[in-house]
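Just below sit the structures, each encoded as structure tokens.
Two complexes come next, and they have one chain in common, chain A, joined by chain B in the first and chain C in the second.
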Partner chain A sequence: MNTAATQTLAPMPASAPARGKRRDDPKLELWIAWWVTIAFYNIFTIAFFILSRTQPPPKAWWHLPRIVQWFDDNHFGILFGFAMMFLIVGFSIAANALIAQSMRRMSVSPMFAYSYLIIYSLAGVPGMLLTCIALTVGAMRPDRDPKLLSLLYDMGFLSFSGTMGIFLIGSLVWGIAIVLDNNRVLPKWFGYMNLSNALTEVVVAPCVIFKAGPLAWDGSIAYYINMVIFGIYTGAFIMLLRNMIMREDFGSGVLPVLEKPPRR
Partner chain B sequence: MKSVNGELLVFWSLPVVGLIWVLAFLTFPGFVHPMSPTMTAEQVAAFYRDPGNLPRIRGSMIVFNWFGVALIPFLVLIVMQIRRMAHRTPVLAFCFLGCVAGGPTLFCMADLFWLIAAFRPERAPELIQLFNDLAWVTFTGQVGFLVAQSVFLALAIYLDRQPRPVFRPWVAHFNLAIAAALAPAAFVALALDGPFAWNGLLSFWVKNTAIAVWIVVMAVVLGQAIYRQRRENGVPA
Partner chain C sequence: MTNVVSAGLGRSSGGLNSKAETELRASVIPGQPDIWVLVLLEAFTFSSYFVVYMIYRMRNPGLYLHSQAQLSLQLGVVNTIVLLTSSWSMARCVQSARAGDYGIALRDVSLTILLGLVFTVSKLFEWVTKTQAGLTFTSNEFFMFYYFLTGMHLLHVLMGFVFLGVVVYQLSSPARRSQEVIETGATYWHMIDFLWVIIFALLYVMR
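== the complex of A and B ==
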């Protein structure tokens, strides 16, 4: 017997021990996943934009002395910022789990939720950790041969921008699920917005070829336009998931709309 | 019923796999007296060129490459128990499931970096040192998925609101303690000596001991949970 399937939505026992109201809130597990998502993106921003200065990225066309100087200038920020990412990378899964849960609430096949969870859960390894590992190894020995530092620099930024298919296919999976869904879990416009996020991964592809100009990894197209779209997309889904949790009724039909203004 | 018998097969393979892990760990000459990050490139190259070391490096890393992934079925057994908890949604099981492949995948990357460093020991010492650094930073610093899965498991246990929870609350506290013990290793690259260095007290001994203790303790409580589940389903244990 498949206990997993039958107990997914098992009703809460009426005699659940009352240890305070918060713990008994049936939506607590969803709110935890949502708040972990918020915390993760905030620390991600601090580590990449403020500490390591890897976002916005330094130039793809820099020559060896400038690259060595960049590692020197950002020595502690890279090591400390990316140590934080090493520590918290697993918490990025909370967003994937919550998004997978949004698809389980939809009228579509569970296949969408599982595909998305698998695709995005390993996204962090090539798309972020490889960057952090390469640049950390570069920063930890400033006296390393500049040619090797340059290799690590390229490895870092190309694996960050060049991990494309995960986000391309992952966004399409979520977008298609939203468009097909009859339970109105997420608005249709956001389903189509997933297409714009997928397209950023198409536009970024030339970064593996161009060393300067708008298509290089630091360029106006490959970086700045994409980052704006990604920022809007991320902000939108964080608010929409919050809205989804507030509307959650633990049923299986159409997700009700909010009747009164949110209290939270 | 048959599905649970399959679970027991995976569960009882763990002592064998665990023994293989311990033997591979003791075989790798870089672990018994952990290599120091302060070694020069020439010293690192000499480590790989030593005819006494080379077969042990390759042998241990081949065995780790084969069996490191065996952790995943064990972790998925834990997912099956999370699905039995009295949660309203599968979101916490998804959180744990999403972490499951991360640790073994990153360990496999470190394993490959060691094997690449050992592949042509006659290569320039700086290049061997580069891959040795990549291996040690990846092996030591990549605790993030293990930390997160322990925390997600602890949260799942705390929210298992039923009179007879799948795991007792102390298992949740224990997982938080393990997460705290693993955390310092993330800061491995900040120091080439002292407790945070990759051969140091926190980054090597505490972290690796915590992983071993976690596997042993979770195996015991998991086994209890699986056998209790069988009794409740009316299967003779």
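== the complex of A and C ==
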């Protein structure tokens, strides 16, 4: 078992080895999930930040004419960007599965992994899909009644920002699992970072009350500072999951330390 | 359960060089080094909130001055003294634990919890009186910041009770009593005390 563990510690080379070897690699599924996660976040960034320009979000206090103009300005971007999201939204499952896998590898109860999976499987519906649907419906017929466009505008952005509670609880679940874990699957500092991320997500809740200022859905606190923390957190967990896969020995005890520094 | 909770706040439990690492760390940094990531991240986050507050305050100093006058400076001072005292008792707890006086350490952490509860009740009382006086979350910009900053801080205090609970659990049996875990809990509690002092200065004092 130790020999097998040593053999599987080295990272997979970027170029494909002999076909027989790659097919036998027990970590192949884990790497596929990790790369799908990377792909998902990149496509998400392109769809939301570049094409549809729904991130950073426009102002919450805009009145009807300005909202209509926003839909008009971003008409094709919204349609193409979110059409793309509708296609690849299933990719988000890879990240959730990998994170749940990390919890299954820990010494804590599988209850943590199951809770996380359930929470995050549901989180994508109000937290992302509803935004895509509402704004796509708004962009689809530009001659729609401005009041309806305004309704879809509010629904889209409030659902994206206001449903952070789901992610908050998910962060707590993962954070507590990491802190309680004896198998050293993920470092304790990242467990605490989950707690910090969870607390930060609380600040988004007031966006249902304020249409302007730092606590609005586009506010400096509720959005920008929140996104900085979330960005650091996401970058950290992607790299830590990569590290975890490289260390994976498919056992049930303490995950071995990497003997070589990770190869880029 | 013992090992689970001991590992809970970062105690090393086997693995390569863990004991040597732990001993080295124990001589350099109090508590588990990992908790300092949380402390620094929270300090950064709250600092950014404070900067936003200062920027908004600069735009409308009259409103903020007038609104600040509605706050009870006395209550703010009492809250600050309560939290500072709780930090003192937590420091005493760490000191007692280091000396092996676990009974006294348990008493000290219990005092910390009690003072934390006093702070919590006091804060809730203050919110209720302000709300009854018509000064709510949406009254004006200053009170939005007031409820937001004190609310976020109280949330951290509530999480602090979890850390203190783990410290109590550690101290209550000879089978546990990890100095590292106790110091980790103390580090977190000192952090929320530190944050409160700044909030107090910004909201209550700085005029």
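By definition in this document, the second predicted complex is superposed on the first by the 243 of 264 C-alpha atoms of A that agree within 3 Å, B and C clash if a C-alpha of one lies under 4 Å from a C-alpha of the other, contacts with A are read in each partner's own complex, and residues count from 1 in each chain.
As a convention for this text, contacts are C-beta pairs under 8 Å (C-beta built on N, C-alpha and C of every residue); 3 or more make two chains touch, one makes a residue touch a chain.
Remember, it's a predicted structure, so these values are computed and weren't measured experimentally.
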Chain A: partner with more touched residues, chain B or chain C: B
Which of chain B and chain C A:Leu28 touches, first, second, both or neither: first
Touched partner set for A:Ile229, first chain B, second chain C, both or neither: second
Partner chain(s) touched by A:Val202 [first = chain B, second = chain C, both, neither]: second
Touched partner set for A:Val125, first chain B, second chain C, both or neither: first
Which of chain B and chain C A:Phe91 touches, first, second, both or neither: first
First (chain B), second (chain C), both or neither touched by A:Ala83: first
Contacts of A:Leu215 with chain B and chain C, given as first, second, both or neither: second
Doubly contacted residues of chain A, that is, touched by chain B and again by chain C: none
Residue numbers on chain B that touch chain A, as the complex places them: 1, 3, 37, 80, 83-84, 86-92, 94-95, 97-99, 101-102, 105-106, 109, 126-127, 130, 133-134, 137-138, 141-149, 151-152, 155, 158-159, 161-163, 183, 186-190, 192, 229, 233
Chain C contact footprint on chain A (complex, rising order): 107-108, 179-182, 184, 187-189, 191-193, 195-196, 199-200, 202-203, 206, 209-210, 213-215, 220-221, 225, 228-229, 254, 257
For the chain A and chain B complex, residues of the former touching the latter: 1-4, 7-10, 12-13, 15-17, 23-24, 26-30, 32-33, 79-80, 82-91, 93-94, 96-98, 100-101, 104, 113, 117, 120-122, 124-125, 129, 133-134, 136-137, 139-141, 144-145, 148, 152, 250
Chain C to chain A touching residues, read off their complex: 3-5, 7-10, 13-16, 32-35, 37-38, 41-42, 45, 48-49, 52, 56, 137-138, 141, 144, 148, 152, 155-156, 159
